[in-house]
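Reading through the C-alpha cells given below for one structure.
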C-alpha cells in the first residue's frame, strides 16, 4: 500500500508537469516498485496498512473518482484561469489530503521492532539497492542490447528496459530461477488460453478448443471469465511463438500490459514443454492455490517485461548489456 | 473566512445529498452567515485567518477548480460506479483535506484573550442568537406576510424570507436604522446606475445620461466598469419604482442576487430624495472611502433581501409576521 | 394528471428562476400534491384526462425529451445570448404549448355534475385545506420537533417536513390509521426485501435468503425484478432498525426517495410483527391485488417521509410540534 | 413573417425525417419563398404580423434557443429511447405551440378587404404560380443547362437551380431588368469590397485600398463593419472575374450564401462599368437610402443564385433550358 | 467496391460543401450506383478489388473511424481557424490517401480482356445510360406522378424518385419482372415478419405468432435475430396494407431505409398471395440459398423505393410520368 | 521539413502505442532533431521542400486539423469497436497519405550533387553521429550529474538530459562557444523581459519598467507583443537568478518549453553583464537582423535545456557525466 500511495503522488506530479499529456490512472507497472523505493523508501505492511479507520473506507473506485476529479480540475485551471503567478504550493497538499483520507495518513517516521525508521532508512536497513534491479524485454523494432522504453499506458514513469532477443529473454528467466532469484513478470492475461481458475496459461494452435462463458469484470478484459476445455487438462498443440509473431501482437495492440505477477518456479512436462510456476494475487480458490503454470510459448508471446536482480542474469548477457 | 470555509462544507454536503441538483459555486447569500453560526459557531478573524503559511496560497480560482473537480468526481461516481454499499465515510474527510490545504486547517478549539473556546462556545459568549435575525423581501407572486423562498442561484441553503409590501420593506430599513440597527443588504449591483467609484447608485429615468466605458471583470457583470455621468453629481429624475416594475425585473431575470453589503446610515438630499449610506467591501479608493449612497428607488428596484435583527422591525409589521 | 401537469409548470418555473440549479425531471414528491392544490386547485379526473385525442399520444419519454430540450434551450440562452432586456413573456406560453400538446389543453373552467367550477373553486367545494396536511420524517442530523428539508432530488419544491424520533414516526402512522386517517408514504423501494409481486416488504437479517433474477426497468432500480425466497412466505428474522442504521442509509445514499404509496391498514402477524397494508399503483397482478404488506422494520428503515392530515397525529406529538 | 413561420415548420419536419442530417437553423434561402407559397399559400402582412401581443416578444434568439432545444430533444429521443411504436402525433403540435407563442398563432382562415380567404385561396387570388419562378446559378463542376443543387447550408429544402455559363447568368439579369422584371439575388456579402454603408459593392484588384475597422456582428461576418476607402468614391481597377475564379471561391468556401436581396435597376458608369441597383433590408441610414450599387465583377464573383420569373429570361436561354 | 469508394468521395465532398449539414456515414442508397457510374464510370470487380495487399486490411470500422475523424477535423477547422484564404487543395488528396490505404489505390486507367479503358470508357462500352434508370416510390404527402425526394438519412445524394399510387408501385414491379427486367429494391428489413434465415418476409396480422430470440448486431436492428414461428412455414393472415398504413410507418419513423436488395422473380402461392423472389447479399446459409420470398403486403408496407430500367415500366404509367 | 515530417510519423506512432496518453501536437523539442536523424536519416532542404505543388498548400492549421482528426478517430476505434484481431496495417499508410498530401510525398531515395542517397546514407555521408549530441539541463528536484527527463509537453519522445548545477550549465555554454561549438537552446520566450523586436531578453528586477501593448498571437503567449521600455536600451538592474528561483518557475508552471533557438556568440557588456548572441527563426525585421541578446540571468532563469556536441563540454564536467 505504501508503494501504491507514493506512486499516486508520483503520477499526479508527472501529470501536472506534463500538462495532462501522460497517463493518470489506477494502473501501474513493475517499474513503480523500484521507482518508489528509490525516491521515498519503504514501510512494512504492518505499519502502513493503508487504512485509517474502517474497512468500508477502501472503495477504490470512489477514491479515484474524487482524486481524478481534483486533478482534472487543477489541469482545467492551468489551461484556463491561471495567470502570471502560476500555481500555488497548496495543490499538492490538497491532493495529499485526498490520499490521506482514503489510503491512510502519510508516514514520515515510524517505530518497527523497537527501532525508529524513516521510510528511506528502513529501505537502507533492508539492503535494497534499486539500481540492482533490471527490467528486460524483447522487441524487434528497437535496437538489441540497448535500453528502450516499453510504450504501454501503464509506463507512466517512463521506465527503461533492456532489449534482448526473444530466446535470451526466456533463458534469462530460466537462469534466474536456477540461480535462486525469482522474477517479477508483467504480462497480458486477457487471452483465451489464460485460465487462472484452471491453473494454466497456454497458446493452443486451435483456439476453438476452449469455450469461454460468462464474464469476470473485476479483472482484465474478462481474464477471469469461466473457460472450459480439455486443453487445460491434456496437452494440446501450441502455436510456436517467433519474434515476428510476438512483435505483431505488440504492434497491433492485442498484447497489452495487463498485470504484474511473480515467477517462482520451473517445471518440465512429460511431453517436454517448459512451464513456469507463477504466483498471482487473485486469491486461493483455484488449484494450485494462488499459483498457475505458464507455458514457454505463452511466456514468449505475452510477456511485456520482466524485472529481476541483475545477479540472476547469465554472464554472457550481462556482458552484452554492460552490467 | 471561518464562515466562508464552513459554508463550503455546507454547500458540498447539500450538493451530494441532492445528487448535484443544487448550486455548488463560489458565491453565497446573506443566509450563509446565520446558517454557519447556528450550525458551527464562529471564530475571531485573528484566530482563523484562512491561511496556513503564505499569501500566495490564496488563489481562489485554483482552489475552487480543485475542490469542484473533486466534488464533481464524487457525483460522477455516485451516478455510475456506486454499488450497493453506497458512499464511504472518507469523502468528507478528503474534501476537508482540500479546504485545509487552501483555506487553513479547520479549528475545533482555540484560545482567545486568555480563554479557551470552541467555535460554538465562542458564539454563545457573544450572545448571538441566530433566530433573532430575520430575512425580509418583497415580491408580488407569493403571499404577503408569509415566509417564502428567494429563488436565486446563491440561495443554496434554501433560506426563507418574510414577504412584505414594497413600501413596508423600505420602512423596515428606515425603522431599523433609526432604532440603531444596521441592515445587511443583498442586491443587484450590475446596473447602469450603480457606480461604486462615484459613490452612488441610482435609477435614472433616462439611461443614456450615463456613459459606460471599459470593463471590470473582477466584480459582477462589470459593476465596476468606468462610468461617467453628471447624473452622479447632480440629481437627475429617477424612475419611480412600483411593485410591478420590481417584480418584472425579478421575473425576466434582469434583477439578480449579486452581492452582499451593509446599510449603515440614512441621508435625505435637498430635493427630498432618500438615500441609504452603504458600506462595501470593494476597497477605499472611491469617495466616500468604502461607502456609497443608494437612492430609495434603487433600493426598491434592486434589493434582493435584507437581513436584520428582529428588534429593528416596527411593531406593526412584527405583529403581521407573528414575530 | 392535473397535478402532474401543474407540477411540470411549477418545476420549469423554479428551474428557470434558479438558473438550472435545481432538479428538472419527471419524478415528483408527496409535496407536489398539496403544492398544486394550494396554488392551482384541482380538477376531477373525468374532466382532465390528460389526453386530448388518442392513447398513442401518451409517450411520456418523447414528451419529456421535447419539454426538457426546450427548457435546456432556454437556460442556454439565458447563460449566453441574453442581453439587457432579459427574458420575454413568451417562454412560459411556449412551454405550456408543449404541455397542451402532450398532456391535453389546460383547463381554466369546467362543468361538473351540473355545476361550473374553476380548479380553485372546485378544490374549495371539496373542503380541502392544504395547510392541514403535514409531512413528517425522522433524521438524527437535524433538530427534533423542528421543520427540516428532506434533501432528495425529487424535493424540487423545497417542501418542509417535521422531524420526530423514529419511534414517534411509527406511532404517528399507527395512530392515524386507528383514527381513521390514511397516510401517504414516500419510501425507497429498490431494496432486496421489497417484493410487490410477493406482496411483502421486509428487511431480512440474512439477505442471501432472497434470490433476485431478471430486471424490471420500468420501476425503480429493478424494484420489480423477479425475487424468489421462502422469506416472503414464512417469517424470517429481520434486522432491527435503529435511528443510527436509518440515518446511515440516508447519509451513504442507499436510501433514496423512490416512490409514493398509500398506507391504508394495519396488521399484526402471529409472531408479533407489525405490518402496514399499502396500496400501490403498479397494477393488480400480484396478491393481494394492488396491495402489499410492509413490516415495521422496513417502514422504519426505508421511509422517506409521510404526509397526513394533522388530525391523525396524537396530541402529545402535536403539542411538541406546535400544531 | 408568414413565410418565415411556415419555413420553420418545413425545416423541422425535414430535420426529423432526415434524422438530423440536414440544416436546422435560423437562416433561409431564396427557395423558401416559392416553397412556402406553393405548399401553404400566403397571408397579407397586415393579417399575420407575427406577433400576438407585445413587441418585446420578438426576441429571435430566445425563440430559436427554445425551438431548437425542443427539436434536438426529440431527435435525442429518436436516437435513444424510441421503441417499436415510433413517434406520436403530438410532437408537431408541440413545436407549433412554440411557434404560436413566439411568432403568433397560426392562421387557417382570414378576412381581408371584405373577403374570406385561406392562405392558399389568397395566393390563388393573387395569380401566383410558383412554377413560373426559376432559380439560376453558374458553376463549372456541374453540367451546363441542366438542373443542379446549390450545395450551401441554407438550401435545407434541396431546391434546384439551372446552371448556365457565367456570362449568361449576367445577361439573364440584364434582360430581366430590361423586360420589367426584378430579380431576387442571393449573394455573399461578407467581403472586403462590400459596403452597404458606402452604397457600393466592388472587387478591387488591390484589397489594401480598403481599410476595415470595427465589427458589426449583427450581420454576416462583419459585413457591416466600418470600411473606409477612396475606392468607394472614385473608381478603382477591379479584378476581372472568370468562371474559374468564381468556381474557386465556391470550392474553397470563401463564397457563401449569406443573404437575400433584390436587384431592381441597372446603371452604367462613365468608365463603362455596369452596376446593378440593389434593395437591401438593412435600413435606410446609408446613401442611397436602403439601396446600393453592385459592380458587374462583384455580381459575377459573389452571386450564389438568382430567382426570377421565367418570362424575364431571354428566349435563347429559355430554349436551352427547355422552359 | 469501385462504387463504394467513389461514393465516399462524393459523400465527403458534399459534406464539406454543406458545412456538415448532411449525412456522412457508411450507409448508402440505391441512388449511389447510377450517381457513381454517371460521374466516374465503372471498373470490373476483378480490376478494382478494393484491397491492395492483404485481407486483414478490410476492417471497415477502423477505416471509417479514421476517415470520419479526418473529415470532422476538417469541418472543425472550417468552423474555427479558417481565415480569409479558405481551404487548400490538399484536403481532397489527403482524404483520398485514406481511401487508397484502406480500399486500394484509385484507378484512372486499366486493361481488361486485352483492351485499355478508363472507368468512363468502360461504362460506355457496356452501353450503360444512367438516365434510363428510374427510382419510384409511393407516398401520400407529396404529389402523385411528380418527382419527390425520399427523405431518409442515406439519401445523401438528394436523389429524386417518381411518386405513384401504392398499387401502381406494385404493378410496375410485376410488369418489369414480366418484361424481363429485374428491380433493385430498397426496403426496411428490421421487422418482426422479416426472416432471411427462414427465407420469407411477411406482415402477420398477429405479431405474437413470431418468437424472436437473440440478436444479430451485424445487420440492421437485429434483422438477423433468430426468429421462430409456424408463420414462416404455413400461410398466416397478413395485415392488408393501405396507402395510409404505409404512410404512417414512414411518418412515425418505423419504416426506414435499411438495405438494398434485388427483386428477380415472381411467385403466386396456392392461397393466391403474391410473393417476390429477392436476392440478398447476406450469404448462402439460408434456404433458398441467398434468396427469400417477400409477400405483396410486406412489399407494399416496407418498400422505400425501387430502381429499374424505364423500359420495365408499363406504358400507362410512363405516360403519366412523361417518360 | 524532413525532420518535421518524420517527427510527425514518430509522434503518431507513439501516440497510438501509448493509447493516447502522450502529447500529439504541432510542437516539438530539441530532441526531435537527433531522434529523426538517427532513426530515418536526413535529406537536403533542396530535395525535400515539403511542398508538392503550390504555396497555398502550406496551411499548417488545416493540415493538423485533418491529421489530428484521423489520429483521434483511430484512437476512438481502439477504445471502442476494436475486436480481437487488433489494428490493421493500413492505418500508418493512411496517416502517411495525409502527410504526403500536405507536406509532400515521402522520400526514400534521391540524387544530390550527382550522387544517389537514401536519407540514412546521406546522413552517414555528412559524418553525423547523433550519439555525440548531448542535452543538458539544471534542476534541483532530480539528481545531479545523472540523466533525467525534462517533463514538458513537447518532450513527446521522452528524450533524456544530463542534470548539472546551474552555474555549470552556464559554464558549459560559455565553454562550447569558446571552443567553436554553437549551442541549440530551448527556452521560455513568453516573458515580459523577452523582446525579439528590441533584440534583447532580460529579467528586470522591476517589471513595471516595461510596457506591453497589443498581442502577437502567432508566437508563444504573445512573446511578440509590442513592448516599450528604456530597459531595452539602457541597462537596468536584473533579478539575480538562483537555482531556487529557477526551480520555482519550473514547478509553478511559469517556465515552459516554448521555442528552440541557436546560441552563436558571446558578448560582455561594459557593466560586466554577460550576454549570449542568439539566432532566431522569426524573421529579419528586428535589429540585429534575426538575432538578439540574452542576458546571463535570462539564460539561467528560462533555459529549458541546451543541446550540443559533447566535445564542446569542459573536461571537468565530462568526467562527472562519464562522457
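Going in written order, the chains are labelled A, B, C, D, E and F, and every chain counts its residues from 1.
Methods note: a residue touches a chain if its C-beta (ideal position, glycine included) is under 8 Å from a C-beta of that chain, and two chains touch if they have at least 3 such contacts.
Since the model is a prediction, treat every value here as computed from it, not as a measurement.
Chains that touch both chain C and chain D: there are none. Touching chain A and chain E together: F. Each chain gets a centre from the mean of its Cα atoms; the one farthest from the centre of chain D is A.
Counted by C-beta pairs in contact, the busier of B-C and E-F is E-F. Centres computed as Cα averages put chain A at a distance of 64 Å from chain D. Rounded to a whole number, the gap between the C-alpha centres of chain E and chain F is 53 angstrom. Within chain B, the positions touching two or more other chains are listed as 82, 85, 87-88. Arrangement of the chains shown, judged by which pairs touch: one closed cycle in which each chain has exactly two touching partners.
The cyclic arrangement of chains, read from chain A in the direction of chain B, is A, B, C, D, E, F.
Every residue of chain D that touches chain E in the complex is listed here, in rising order: 14, 16-19, 21-23, 78, 82, 84-88, 149, 151-153, 156, 158, 249, 251-254.
Taken in their complex, chain D has these residues touching chain C: 54, 56-59, 61-63, 65-74, 76-77, 81-82, 85, 87-91, 93-98, 100-102.
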